[in-house]
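Lettered A, B, C and D in written order, each chain numbered from 1.
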Amino acid sequence: MKPPPFEYHAPASLDEACALLATLENAKLLAGGQSLMAMLNLRFLYPDHLIDINRIPSLCEITVHPDRLAIGAMVRQRALEVDPNVARTAPIFGETLPLIGHRQTRNRGTIGGSLCQLDPAGELPLLALLHDATVRTVAAGERRRTIPIAQFIGGFMSPTIEPDELVVGVDFPRWPDGHGYAFREHARRHGDFALASAACLLSLGDDGRIMKVAIGVGGIGSVPVRLSGAEAILAGSPGDPVTVEQASRQCADLEALSDVHGHAAYRRSVATALVRRAIAAALDRAAR
Amino acid sequence: MTPVEITLDVNGVARTCVVEPRLTLADCLRHELGLTGTHLGCENGVCGACTVLVDGASVRSCLMLAVQAQSARVQTVEGVAGASGRLHPLQEAFRRNHGLQCGYCTPGMLMTALELLAENPTPTEADVRVAISGNLCRCTGYQGIVASILDAAAELHEHMGTRPWDP
Amino acid sequence: MELTNAFEVPVPEEEAFAVLLDVARVLPCFPGAELVEVLDAQTFACKVTLRLGPIALTFRGNAKIVESDPVAKHARITLRGSDEKGRGGADAVVQFQLHGAGERTKVDLHTTINLTGMVAQYGRGAGIIQGVAAELTRQFAGRLQDLLARTTDGPPD
Amino acid sequence: MGSVIVDDPVVRRTGATSVGSSILRIEDGPLVVGKGHFLDDIAVPDVLHVAVVRSTVAHATIASIDTSAARSVDGVHAILTLDDLRPVLATPRMPLAASPTGGPNKHTPFVLARDEVAYVGEPVVLVVARSPYIAEDAAAHVAIDYQPLDVVSDPRDGLLPGAPMVRRELTNNVFDDQIVGYGDVTAAFAAAKHIVADELFQHRGLGSPIEGRGVVAQPNVTDGSLRVWSSTQMPNELFNMLVETLGLEDSLVRVTCPDLGGGFGTKYLVYPEELAIPAAALLLGRSLKWVEDRRESFVSAVQERDQFWTLEMAVDADARILGIRGRLVHDQGAYVPRAVTIPYNAARTLLGPYLVPAYELRVVVALSNKVPVATIRGAGYPQGCFAMERMLDLVAVRLGIDRVELRSRNLIPASKMPYTKPLRERSGATIVYDSGDYPATQAEALETADWQHFRARQAEALAAGRYIGIGIANIVKGSGRGPFESGTVRVSASGQVSVFTGAVAMGQGLATALAQIVSDELGVAPDQVRVIAGDTAGAPLGFGGFASRQMVTAGSSVHLAAKAVAAKARRVASHLLEVAEDQLEFRDGSVGVIGGSGSVSLGELARKLRGAPGFAFPAGVEPGLSATINWLTESLTYANAAHVAEVEVDVDLCQVTLRRYVAVHDSGKIVNPMIAKGQVIGGIVHGIGNALFERMGFDETGQPLTTSFAEYLLPTATDLPLFEVSFRESPSTLNPIGVKGIGENGTIPVAAAIASAVEDALSPLGVRLSCTPVTPEALFDAIAAAREAALRQAQDGTHQRL
């Protein structure tokens, strides 16, 4: 299980990286390496070129704006886990990050790498979908794009970026202070890939009713999804148990895959329970 | 696949070697630099036996290329005891609490515990178990390892007042 | 993996059966499949490229008509190929059974796909592979239907 | 919470003698500073690296092997098939291991496959290259043209009429079919008040040591000798097979075990690679190194896979067992590399510590197109225990009797020990449980786990919508598998005391325990004793590490050898110091006059016993201060244990959480309590893997589905409670040091105790559990089935209890 041969490039600037991406055939970007290196060692991937973007300084910033949280693509998951600004403006990160892999993988794993890997059970892609985040990319020739996350998610582990496009950052629209949040995941062991995950953001109006709500489910299908049906049911309601139950039952008709860890019916059942628990926890936090 | 010369600080000593870009950091430490204390158990980033510290952060050295460690500060199990050979409290605690049996996962456990204690001098049992949840052990059932890390934490914390451990 | 598809075409069964045996025209209906060389009347060298997320696989091998019964309107084609990087192989058996009714014909398509080697050991991704395989055979059936339907309107566009 | 672990009374126990004290391990020094010496750490000059090309198909003929592309890869030295190796191989097939008959037969594996492959992972071609990276590059270019044949994936399908053969040379997929039992079963079932029946599926998976297998072979082209290092538990058996298959003289071959990164039965088998690579080294005249990677381990290291049980138990009106009968289909995989033991161990040990008047189990050993099956830690005992304990729980539930009360009525009372079971050991000796108090062991476990107050705790939790449960399992474990393990104690002129044994150290503290035994006899501190284990140069005769045997066999041999050396030293010292033998004592590496200053060092005695030209030897004394003893034993000595598990089940997520785990073990005299406790806890966690997590998956075409540690799940630190372990000591009556084995004992009761606890937690739903591992999906299906059954029962109005 040793990596196959490849040409190694370590560009020091974004322009240099984009130039390489535009000219090299069958090239892969090496960010945190926690998924890519494993696939190289397992010899699932045979790139001719590896472009290591760890030495590009400009991709590691976390900036808080009034309306959004801008996170550089190369920000390490561990940095996100302990950054005080993130904790203040988007507390759901604090509940989500410790569930990603293990400390050793979070020290190196990046948010950009996680979004481009787009693992069905990936926590950060689900978080991005939950926030209706936008992905910023660049390509040679000053070509820049901002892609809404729903459009960025193309299919199973397939983001809709071009081979010569490089993700430079992700913007998470901010929710009003005091919003309710919850991330719940079920994995066989702590740190394993999630069999199912559910995330919820909501804010209450002055009348105590749910004014704005976002619910996402991951780990059971080929891609993370928004539970828009459940959102519609909850919007405007006081978040009573009957309505919450009805919302969580929307998982019944989600795409769910079977594999050696669990069949589709089991995964949908777990997703339903996790959605119920996530909504309840978010309501509890919003009310406080 | 032209070989590259890299220079890195390993356990406080500057080391230079010429490596193929695809050589993993684990294989570089073991076979180019002769530091066979870092072990391989899976080579796809799950078992934690290959854990070393790079610039103070624990990493799986099977998921890093040696060329990526250019001018980095790498610490391996061979660099935990003092130059004089005096064991670090963690190493003594592992022996005192039967924290190892075959010893194959021990280097990875020690490096992971070093990072934990550097950040959290008084971890609870649950903190310790989460910290080593990414390190597989088939022999001990982890209880001796958890006891060792808690014992070392108490030992270090006790001396923290007088003088932190120096090798 | 066992996959079944069925569709109807406005073509009499004789004609439909003839087209289905023309591997050179049927093969490209499978997404990513390409005819490389006709080895003999029954055997065709081919190449199939498909993506499993970030991984692009290229299977090279042979398609072989192992059974064609013009009376029962039944045909069986086997495809065996292996990935050029040694990541595994794929064995597929595609069986056609036609049910003619005057000007219309119902085509029953039964495909079994077995993967071998690394590709088969995708563990967590086994569900995905089934999904991709099912999707590819659905598209194959769709394009076959277009191919058969088109033959009545003259040359393909 | 932390202090509870650190100041554990068992761990801190120290006694008057070294044996019985928790001294710290002499193995730890190098291991905690990264100076261990594992297989891949071995550096021999000019070594070439080997990658093994393995079958990707579960059953096929090999039409052709094209190595041209692979040979053209820069850095490749050679590519070898079985035909290439034949000039140095006396036989293409491996000899049968662990069997008095020995020799290749039509069920043993091939050194390399040539015409037919019978499981995914079977070794076919060796690629030899400058580096492991290049060897792997070239291996991907070896083109093997497989012509697929029909596959038997589920061994039961291979038993159906007209089923395809697992290998073309076979006429029948049944390797063995025999009855294990005694007594009049028909009468027992005729007289039964109640009969319960169930079908059980058991799966145990792999040993998965964190260090995989590996071989280094270093031929000496000048004198034709061959040095082999292998990460194996069986150096002597590998030595014997190398001599036999390579046609070499004993004196030319040496096999050495480096430090082992765990064994757990995975390294209890001699594998094709362990013969192919030394053969290739001889052929090429070059030193070769092969290090197994994790994916290779999942498709070629032995597994202890599926067993399909159908069982019936007959009980009388007082719920006393009258008889047990049934059938066991055991998946053997594609080949039979060693004499089959697992299903027979399971069949015999199903009886456990219980009184069973009549018993008949038909054991069918069925082949399948999967990795060959051999023993993993526990070797069939966990399956026997699971079968018995699940049937007892079924009786308890059906008859509404408390599970503990039912067991107490059927446990062998202390008054009947030693207890003879009318069954035969492999050696032919009848099974005699030599010592132990099974009811008392159970009682201590119940007391520690506070079993009696659990019902109250359970009701309180259920009221809050939480499902908690408690379970119990009792076991008896035969240990100390003979015929012997070699033990040599030698004192050199420097005074260094060395021990040589065929036993193998794989993390269980063998060197420390043997040093403690020698220390008590020769008055030398344990850390001054050097133990050389698993090196055929030091122990030309011997067996190795398996079946919880080494303390009994190697311990007894080393104990007797140390006593012999002490006796000789005492006699010669008495001659030199002119003091009666009983006036002498061993202290600090010398033999000294009790209460006096006269003494002579062991080193001085050793030098004297080398002899000097012309000088006479004391009467009746042989030269050399050493002794070799091979203490012989035919029968096993029986340890026992009782485990209690307390769990919580999240019925929405079908997740089992372990709340408490109590284990009471009786393994006779304990040499080092700290090490013994480590063996029990490590064993329990292996059992938890089998109970809840570990599943080696295959599809219907024999393709493996779980070939990484991300898919094949070992328990981690966050999945476990604090284990409460205590010991009872009923000394064995069958060996000079009164010890019994312990290595596997912790693993055996776990799946039964946890299944019992989970079933108890879900008793409100009426769930029945008859499979391991109890995966979330298995729980989901069991809960759904129970809810459906309850619904049906409610609908048709039948509420009477059976």
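By our rule, a residue touches a chain if its C-beta (ideal position, glycine included) is under 8 Å from a C-beta of that chain, and two chains touch if they have at least 3 such contacts.
Just so we're clear, the structure is a prediction, and the values are computed from it rather than from any experiment.
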Practice item. Looking across all chain pairs, point out the one with the most C-beta pairs in contact. Key: B-D
Check your understanding: In whole angstrom, how far does the Cα centroid of chain A sit from the Cα centroid of chain D?
Key -> 43
**Study point:** Averaged-CA centre spacing for the pair chain C and chain A, given as whole angstrom
**Key:** 37
Practice item. Report the inter-chain centroid distance for chain A and chain B in whole angstrom, where each centroid is the mean of the CA atoms. Key: 30
Study note, to complete from the structure: Taking each chain's mean CA coordinate, chain C and chain D are separated, in whole Å, by 49
Exercise for review: Could you list the positions in chain B whose residues touch two or more of the other chains?
Suggested key: 20, 22, 43-44, 130, 133-134
Study note, to complete from the structure: Residues of chain A that touch two or more other chains sit at 1-5, 42-43, 189-191, 193, 260-261
Practice item. Would you give the residues of chain D that are in contact with at least 2 other chains, written as numbers and ranges? Key: 133, 140, 293-295, 697, 705-706, 708, 710-711, 716, 718
Revision key, fill the gap. Every chain pair meeting the touch definition is listed as A-B, A-C, A-D, B-D, C-D
Point to revise | Touching residues (chain side chain A, partner chain C) in the complex | key: 39, 42-46, 117-118, 120-121, 156-158, 193, 222, 257-261, 264
Review point. In the complex formed with chain D, which residues of chain A make contact?
Key: 1-5, 42-43, 186, 188-193, 195, 260-263, 265-266, 269-270, 273-274
Practice item. Using the touch rule from the top, collect the residues of chain B that touch chain D in their complex. Key: 20, 22-23, 30, 35-44, 46-47, 49, 76-78, 80-81, 87, 91, 94-98, 100-107, 110, 124-125, 128-130, 132-147, 150-151, 153-154
**Study point:** Complex contacts: residues of chain D adjacent to chain C
**Key:** 56-57, 120, 139-141, 148, 295, 697, 699, 701, 703-708, 710-711
Practice item. Could you please specify the touching residues of chain D with respect to chain A in the complex? Key: 132-133, 136-137, 140, 293-295, 652-655, 693, 695, 697, 705-706, 708, 710-711, 713, 715-716, 718-719, 775-777, 780
